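One chain, chain A, appears in both complexes that follow, with chain B as partner in the first and chain C in the second.
For the complex of A and B:
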């Protein structure tokens, strides 16, 4: 029973982080039709910035906010500097080919990932370092008994919950959120009704950058920070996005939590070295059984 | 016999001659180069010859048929483990193991292709990336069979005496090149022929527009599976040759290997076989060149360590932004402009 509770609570906390990553991927995919493989590279970079600030005696929360802002800026920069010129280019013979239009942005995002990793290596020497958490990572006690949940788990779940609520309000209650949903659904019609689709798309990249930056800040107290730490998070986030349906925001969050439980239960009841295989099997099962995802609809699947 | 109709001379007989000549030319070029090089650069040359086969698999997969794979390194691992197990457990000859590695990884590619036929673009990229991480971890999971992180030690052995008698003393580095090079030449021959025949044209049709390809009577799913089988066979062969440099272990086939191969193909030009050769030379020799340039300049060690990967990353980005068709595309463009 104890191991079940441990797996359940750590699954919830991990799943919350995966949900953020997956949400970031889906936001960009819906807006720009690109899966951003550099996303967690961006998050790694902003987490290093936060870590540097904390070393220079800034408070955790200042570093936290600066990292989120840097995440947004980096996301917008990737879109403005690379993806927008790339996808808007019409005269290239290579990009006339259907399959290449989706392949080239993927390669471009891998290039960004490589550059960010090397830069992090150059600036911060690339060795693994710890990252502080604002709350003690000890188990919460009631009287004498240890609960299976730590204070840090609660902090993670709380932070993600607030983010998800804010995102939901943004998408359902604000004009900008509506514009974003509209331009994901039909860019042409949205443009004709006077909305700057390009700017809306860049905003999507910025929000995605912020979400993944937050995921980086939340995961590194547990995993430590190095240029490669967050690679696994991208893989899991991608799987979560596919499981939930690459085009559905709700689905991506749901997929994140499902993956959190899958990985956590494999970790507790099986062995940690089975995790990668479990992810691959789960991804293949999802693709074969329900390729449009749990909440995705068949028509919008761009396959 | 009717006089009027002459049988049309099939084009691919001519192509066959050209690709034979090119393959032999590549073989001779590498041998000549290796005679000029010292031992270290000879082993680098053997590396190029090995990785070239894997880059060819990307030229087929992404360049010719438009399917992206971020997991070619994992397929190399399949070929590597297949051949290493055949040699260490069953005592097969190395050469036979290399050839069987092609079939083992092609069979793997068949399963992968069946999955991939349903996917495209980012779905395929993500799935193959997950695979690139998961496959090497299988070796750790089933440690008793694959001997885990330690890996299997295998090597090219020693050069046979008849060859030493023929060409004189052969160093280990030269021998590794002599083992790999015939396979590279055959792979080049196969890839050149494939891209110029009906099969290659079918692949390009699927790449450029699936709907119109389907309307021309091409079975899209079957074509994609065939591409994956061919590309996986090549990658598996490369993986076997790569592992026999000394060790077959998860650390030999990391995720970065898959990305490096893709980078080589993109820098050189995804659609060009000459570009693949150029790109492979770049990624293997660039770190050495950078080291030589920076040897005279005082720079901190951390920068020196990451400078090659930074340069390769920037090269990849510049290629994608300025000329997605890579070095080969730029060359063609320049030639085209001079004509007019």
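For the complex of A and C:
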């Protein structure tokens, strides 16, 4: 029973982080049609910034907030500085073919990933370092019994829960959220409604950057921080996004949690080295059974 | 007043619009008719900024539109209802309407509610189905929704691209007559692109006949519809 609860709670906490990564990927995919391979590179970079600030005696929370803001800024910068100029060139022969138009931004995102890793190498010598957590990683005690959940798990789950609630409110209750959904679904009609689709898209990159930056802050107390530690997270997050349907925000979050449980249960009941096989098998199964994703809708073409 | 002069729009050096000039007078319905491929849709898409012309000018109330972005053109009071009942099918009816007025929400919050109420009065069926997904509407209802989305932005010039396309004759007649009444009642300027020349000329004040990207006739609607030789030559009946 204890091992079941341990697997369940750690699965929830891990799943919450995967959900954030997956949400970030889907936001950019829906808005800009780009799979952003640089996403966790951005998160790695902002986590290093936070870590540097803590070393310089700023409080954890100051560093936390600054890292989130940097995440938003970095996301917006990637769009404004690279993606927009890359895709808006009208008279480029290379960009005239649809397949190149969709491939080039993805390759560019790999380039950004490389640049961010090199910068981390230059600024922080690429050293692996610990990253603090604001709460103790010990199991919570009631009387003398250890519960299967740690204070840090609770912190992660709480932070992600707040983020998801805020995101939901933003998308369903605000005009900007409506503009964002509309731009993703039909950019032309949205532009004809007087909405600056380009700016809305940049905002999507910024929100995605913030979400992944938060994921970086939440995962590194467990994994340590190095230029490469977050790469795995991107793979899991991407799997979660595909399982969730790639175009559905809700599905991406759900996919993240499901994957969290899969990984955590395999970890506890099988062996940690089987985790990757489990992810792969799970992805294949999901694609066979429901290729459009849990909440994705089949593409309907009107003729 | 919308004044277009020597407008040329090219696709890979094929001239879809080949030196078009005409004017649409305020408060009137001007219709642009012509066969398939005459350049009607390209004309509307060039006015609304979706296509960039290679030369020529489009003047709207002393503003030159050709250098403006789609969003600024909409914000200057020109709303386009694109071809094919363009609504966002995954959003609800109410959200589609809200979208049309979104850019005015800060400065005109009160008026937005009034404008929304007005389109619901114009198309009561949309009010009944306001919480349903736009994708579940019939073709005619979608067209009404597309027009409503344009109207809540309080346009001064309404660009309608083939509103009767794919609709039953009765429904399309109903929609055209609603637009007609709206124009007469509010002084809205309408530029109506139609393949169905009879329907369009019946309500329009002025008619422009396009063929292969050129204006071949620019006449009052009555004269254009009476000219059987023009019709035989360019519309085939």
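Throughout what follows, the second predicted complex is superposed on the first by the 299 of 303 C-alpha atoms of A that agree within 3 Å, B and C clash if a C-alpha of one lies under 4 Å from a C-alpha of the other, contacts with A are read in each partner's own complex, and residues count from 1 in each chain.
The rule we apply is simple: contacts are C-beta pairs under 8 Å (C-beta built on N, C-alpha and C of every residue); 3 or more make two chains touch, one makes a residue touch a chain.
If you're wondering where the values come from, they're calculated on a predicted model, not measured in any experiment.
By the touch criterion defined above, A:179 reaches chain C but does not reach chain B.
Of the two partner chains placed by the overlay, only chain B lies in contact with A:112; chain C stays clear of it. Using the contact criterion defined above for the overlaid structures, shared-chain residue A:283 touches chain B, although it does not reach chain C.
Between chain B and chain C, the partner in contact with more residues of chain A is B.
Looking at the shared chain after the overlay, A:189 reaches chain C, while chain B stays out of its contact range. Contacts of chain A with chain B, set against its contacts with chain C after fitting on chain A, share not one residue. Taken together, the chain A residues at the contact with chain C in this complex read 175, 178-179, 181-182, 185-186, 188-197, 297. Put simply, chain C touches chain A in their complex at residues 48, 50, 70-71, 74-75, 79-80, 82, 86-88, 90-91, 95, 98-100, 102-105, 149-150, 153.
Interface residues of chain A facing chain B in the complex, by the touch rule stated above, are 29, 34-35, 37, 82, 85-86, 92-100, 102-104, 106-108, 110-115, 117-119, 121-122, 125-126, 231-232, 235, 238-239, 242, 246, 271, 273-277, 279-280, 283-284, 287-288, 291, 302-303.
Contact residues of chain B toward chain A in the complex are 62, 65-68, 70, 115, 118-123, 125-127, 129-131, 133-134, 137-138, 140-141, 207-210, 255, 259, 262-263, 266, 270-271, 302-303, 305-307, 309-310, 312-314, 316-317, 320-321, 324-325, 329.
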